[in-house]
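Below, each structure is written out as structure tokens.
One chain, chain A, appears in both complexes that follow, with chain B as partner in the first and chain C in the second.
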Partner chain A sequence: MLKQINLIFQKEFCSFFRTRLAYFVLGIYLFLSMFCTFYLGLYFDIINTGLFSFFYFQVNILMLVVPALTMRLWADEYKTGSIELLLTRPLSYTSVVIGKFLAAWGLCLLMLVCTFPLWLYTAAALPADNLNIAASYFGCFLISGSMCAVGCMVSAFNKSPIVAYLGSVLLLTLLIIVNYNFIFNGLNLSGSLIIRFTQSLNFFYHQSTLLNGQLGLDNIIYYASITVLTLWLNRITIEYKRS
Partner chain B sequence: MITVKNLCKDFNSIKALNNINFTVRRGEIVALLGPNGAGKSTLMRLLSGCIDPTAGEIEIFKQNYNNSRRQILSELGYVPENAPLYGEMTVFEFLKFMAAAGGLSSTEAGKKIAELARQFELSDVLTQKCETLSKGFKRRVAIAGTLTSSPRILILDEPAEGLDPNQKFSLRQFLKDYAQKNIVIISTHIMEEVTALSSRVLLLNRGKLIKDTTAALLSELSPDNSLETAFRNITRQKQ
Partner chain C sequence: MQKSTIQKIQNSIIICLFALLLLASFILINTTSGALFSGSRADLTSDRLNTLSPRSEEIIAGVNKPIYVKLYLSSQISRQNPVLAQYAQNVIRLLGRYQDKSGHLIKLEILDPEPYSNIESEAKAAGLVPLADSKTEKLYFGAVFSDDKGRSYSIPQFSPQRLNYLENDLSRAVSNILMPKRKIIGIASDLPLVNSGFMNAEKKQNWTFVNLLAKDYTIAPISTTTAEIPNVDVLIVVATGKLPSLFIYALDQYILRGGRLLLIVDPASEVKKRLHPGIPDEKLNLNALLDNLGIHYISEQVLGDREQAVEAFFAATENTDARNHIYYPWIKIKAPHLNPQSPLTAGLNSIFLKSPGAFALKDEDGHTAESLLVTSENTMLTAADLVKFAPKADVLRYMDVKKQAYSAAALSQGSYHTIFAKNPLENSAYAKQILPFLTTSVAPAQIIAVSDSDILDVRNWTESENAGDYAENDYNLTPVNNNFDFIQRAVDFLSGNSGAMNVAAKKYGGSRQTLADIFYQSGLKTREKAYKEINGRLEENQRKLDTINIMLESNSAFGTAQTLGEIDALKNKIRQEKNELRRIEYQIKSEVTHREHMVALINTVIVPLLLLLLIAAVHLWLSHRNNTRARRLINE
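Up next, the complex of A and B:
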């Protein structure tokens, strides 16, 4: 199985560079990140020991950039008909789903690594809180993983990469902005257990704590759950389309 | 051996295939014939496991897709109608990927690719991107990609489409040799190909199997002993 995952990972990861998509997305991501950090985030005007100016905008930037990586992963296969070629090879569906997801996630890791010079610069110029920054980077990595999984799932639903992109952005926006407390408040439910439960479902809550460098097990479990659930739905979609 | 029992496939309210039954043995080249929309491509997609049947069974070497999907797929090669390739890959990369996906090691893949490149005259285009190839080359690359894992069952949808007469001749010779130890199933509209290649003809019309015979016997059904006339007469009658 690992061999199959590696095969699909290599195919998709190299495909990002062969089609120039990786360079384009990487360029856009770095431009947006630096623009937001220095211009909107007022990098030089506030004390940035934890790179707050940078991490504050990351979720919104990733929400726009990650679907561009995942939009063609399945949609293109269905559009060109190569899905029939791929799925008539003796590969397990799980391997193909995981391989494609890891390729997108791998590129997200590369995108984050490309911003390390900012960390190095901050560490050289200020008494930076490196542990906090490292935890925030890990948080970004986890969030991008969940976004990749959501993007892969949406891409498997249709044949058009553009629809897949817009669908992923919409779904991610909903996940980020929807505050589940509204639902429970409307039902007149109160009590600390309910509040804690709704908080645990809220994407925004986990994102804020993670990006502040407060890495908790609940955050990790939350993003891992979203990733696993959407990858499982991705696999189900592929099987469902066969029938 | 392939055994198909009471096979049906519906696409919403459309009955694409209705109660199909047949058996194919090793050494046979079966041609699927039929007018447009008869269900040839659907039958091929069902046989290759791309889609699931609505009802009925497909047994391949006494196994079915529900229980032994990967074992069956390791014995089977399928080239769809439009011969899709990964356009951004070079021909060599594509063949290497197909070989690896078929379970071959890097060394085995290298040997197999060299053999297939010679067989299908692809040596000159190995470093070329798939998206830049002509239709005929794309078809040959797709067939070569499928053959990297030496499947015991080869399913080809319109295999000669886009090939020049020389390439068609070479492909026919290859398929004849290949079918001696394996099963080959093709779909085509070219009657000349059916006569030259197939040992058996399955004639489909409106999702039903209406004839299971040989090209020679099918030709005899027309006054002028022509396969094309026989095909036209039968499929028109049924419409």
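Up next, the complex of A and C:
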């Protein structure tokens, strides 16, 4: 199984670079991240020991960039018909789904690593809170993983990469902006059990907790469960379509 | 219906059911993990910003009735200002911690004060201050704590600059609601601490530390000519010169009646020197009173400390250039010289004193004296007059090394005898109007004596740009040391509000700078000499002008043509010097802006391009290697 996953991972990861998509996405991501950090995030004017200016925009940027990575993972296979070729090979559906997902997630990791020069510069100029920054990077990595999984799932539904991209962005936007607390805010239930339950389903709550240097098991479980759930749905979709 | 269609429908139903099952399990897993683990998180900030200190937990443990926290947060803030949006999340999360720790007795409610709404009016009425940068509409970010009895405490504005003090502010608000009664603090001083208009008639306001104390206590100014201290819970006396004998009698009797006194004496007050330039003062006359408390005041001597001294600016002289140099009478007292055993100083980081006086302690029958702030063994003493009037370089030259530690603050508590052999007012008109003369204590008293009045000056404990003698926005102050914390703790301790004694801040100034500040400081460093020289000249001329104005106001000089000419000349010089300073500041700011643009450009364009080139190069090299390998295999 691991061999199969590794095979698919290598194939997909290399194809990002062969098709120049990786360069395009990396370039856009780095430009947007740095632009937001320096020109919208008041990088020079706030106490940036935890790189707040950078991490504040990461979720929004990843929400736009990650679907660009995942849009063609399945949609292209359907479009070109190579899905038949892929699925008739002696590979399990699960390993194909995981392999493709890991390739996209791996590229996300590369994207985050490419922003390390900013961390280095900040740490040289300021007494940076390196532990906090490392935790925030870990948070971004988890968030990008769940976004990759959502993107893969949406791509599996479509033949057109453009539709897959737009669908992923829409779904991620909904996932991020929907704050279930609003439903109960008018009822003045502050602090009650129901608020705490709904809070644990809010993407924004987990995201802000992680990016503020607070790591809890519930955050990891939340993102892991989104990833597992969407990858499972991805697998079912492939299986269903194939049948 | 065909069999295959039925099969398809069945499959679809199964898949839908399966998807619903997955969704349900997703909700179940996350709500359960939220309920189980949301209270226990690893705090991955080096300053432990997300962890409540034991002191806060103690305060929260004392909550036994509901406390309602209304957080007024304009929704526009998150759209307009990412920094405030980020900080708002910090505040909400920390308040959430208070809520959880109190078993939900602290009830948090987040309100959006939309313009012209009832909630906005409510926020205004509660004393919340709109954010300064809101142009078209007023944006609010503050909180009101209240209880069922209608008591309330407002935090007018949350400022990101006070990140390190956030927990301190919240715990203080909670403890204030728990406080049974608002206590009265009397302030008597020969400095214009309360509602004064000294030298500047339109600027009649309290010193910043008084405003901050007024959040928790009722402040009552007390005259230094009174023969009897009115009924106050704590008395703060600041003496930088001779006090009237009648007032010393009042203090003596106040102590014997079990008074709570924060006595600040100063043989060489630098803040007074700045405010009252050129006016000589008579020497302190509180030695007998202090001796009686077991605190021997070393008359007219100023402390220096080689180990704990900080740098000061030395003006240019005939032989030397202007420079920064260690100045022994300016002392930053740090642990372990802040008594770790006393609740007044435990957990504090540093206290900055400017030319403090020296105390030597002695325990006597009936009362004890305990050091709070002590110098190191490398202590020096010098005459107070030298510090007041001689250049700093001369002060260093004439400091005597005393291999002995002295106290700069002490706590004395117990019973005392009067310092007077007999009632000094026996045959005066006052005798019948005031309480009878006591020769010995009728109740134990508590006295905290501090030997420096500069500890109160906001310039010595904040990095706020507003910090003058008075700070306009007290809620925006960023302390750089614990001077105010110490004063606040002293007042809390003396007033019996030990439950409210403040939570020490997580970290102090200096290391929490913005990059713009760092760029500005490095730009300033290259022009430091010129800047300080002009600034020194400006201060000198301003002082001369103030002295002439005071003399004119007090009628000790007449407005002759020569005096008026002198005033004009000084004003011209001051104008020129201010222009020069502005020019230097403009140059530095231009440099800072240029540097910021360069850093932004390099990080936004050049670094990403270089990284992409590097990745492309690695990709090409790997492809080339694989191709070569493949070709070799084919050939073989």
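Some observations on this one:
The rule is short, and it goes like this: the second predicted complex is superposed on the first by the 233 of 243 C-alpha atoms of A that agree within 3 Å, B and C clash if a C-alpha of one lies under 4 Å from a C-alpha of the other, contacts with A are read in each partner's own complex, and residues count from 1 in each chain.
Operating definition for what follows: a contact is a pair of C-beta atoms (placed from the backbone, for glycine too) under 8 Å apart; a residue touches a chain by one contact, two chains touch by 3 or more.
As the structure is a prediction and not an experimental result, all values here were calculated from the model.
Measured by the number of chain A residues touched, the leading partner among chain B and chain C is C. After overlaying the two complexes on the shared chain, residue contacts for A:49 are found with chain C alone; chain B is out of touch.
Look at A:80: by the touch rule set out above, it reaches chain B but stays clear of chain C.
In the superposed pair of complexes, A:243 makes contact with chain B and with chain C alike. Shared contact residues of chain A, touching chain B in one structure and chain C in the other: 243.
Chain A makes touch with chain B in their complex at residues 4, 7, 11, 15, 18-19, 80-82, 84-92, 242-243.
Considering their complex, residues 17, 22-23, 26-27, 30-31, 34-35, 37-50, 52-53, 56-57, 110, 114, 117-118, 121, 125-127, 129-132, 134-135, 185, 188, 190-193, 196-197, 199-201, 208-209, 212-218, 221-222, 225-226, 229, 232-233, 236, 240, 243 of chain A touch chain C.
Within the complex formed with chain A, the residues of chain C that make contact are 11, 15, 18-19, 22-23, 26-27, 29-31, 33-38, 40-47, 49-50, 82-83, 85-86, 89-90, 93, 99, 104, 107-110, 160-161, 163, 511-516, 518-519, 596, 599-600, 603-605, 607-608, 611-612, 615-616, 619. On the side of chain B, the complex with chain A involves touching residues 45, 48-52, 70-71, 73-74, 76-80, 82, 84-89, 97-98, 100-103, 142, 145, 149.
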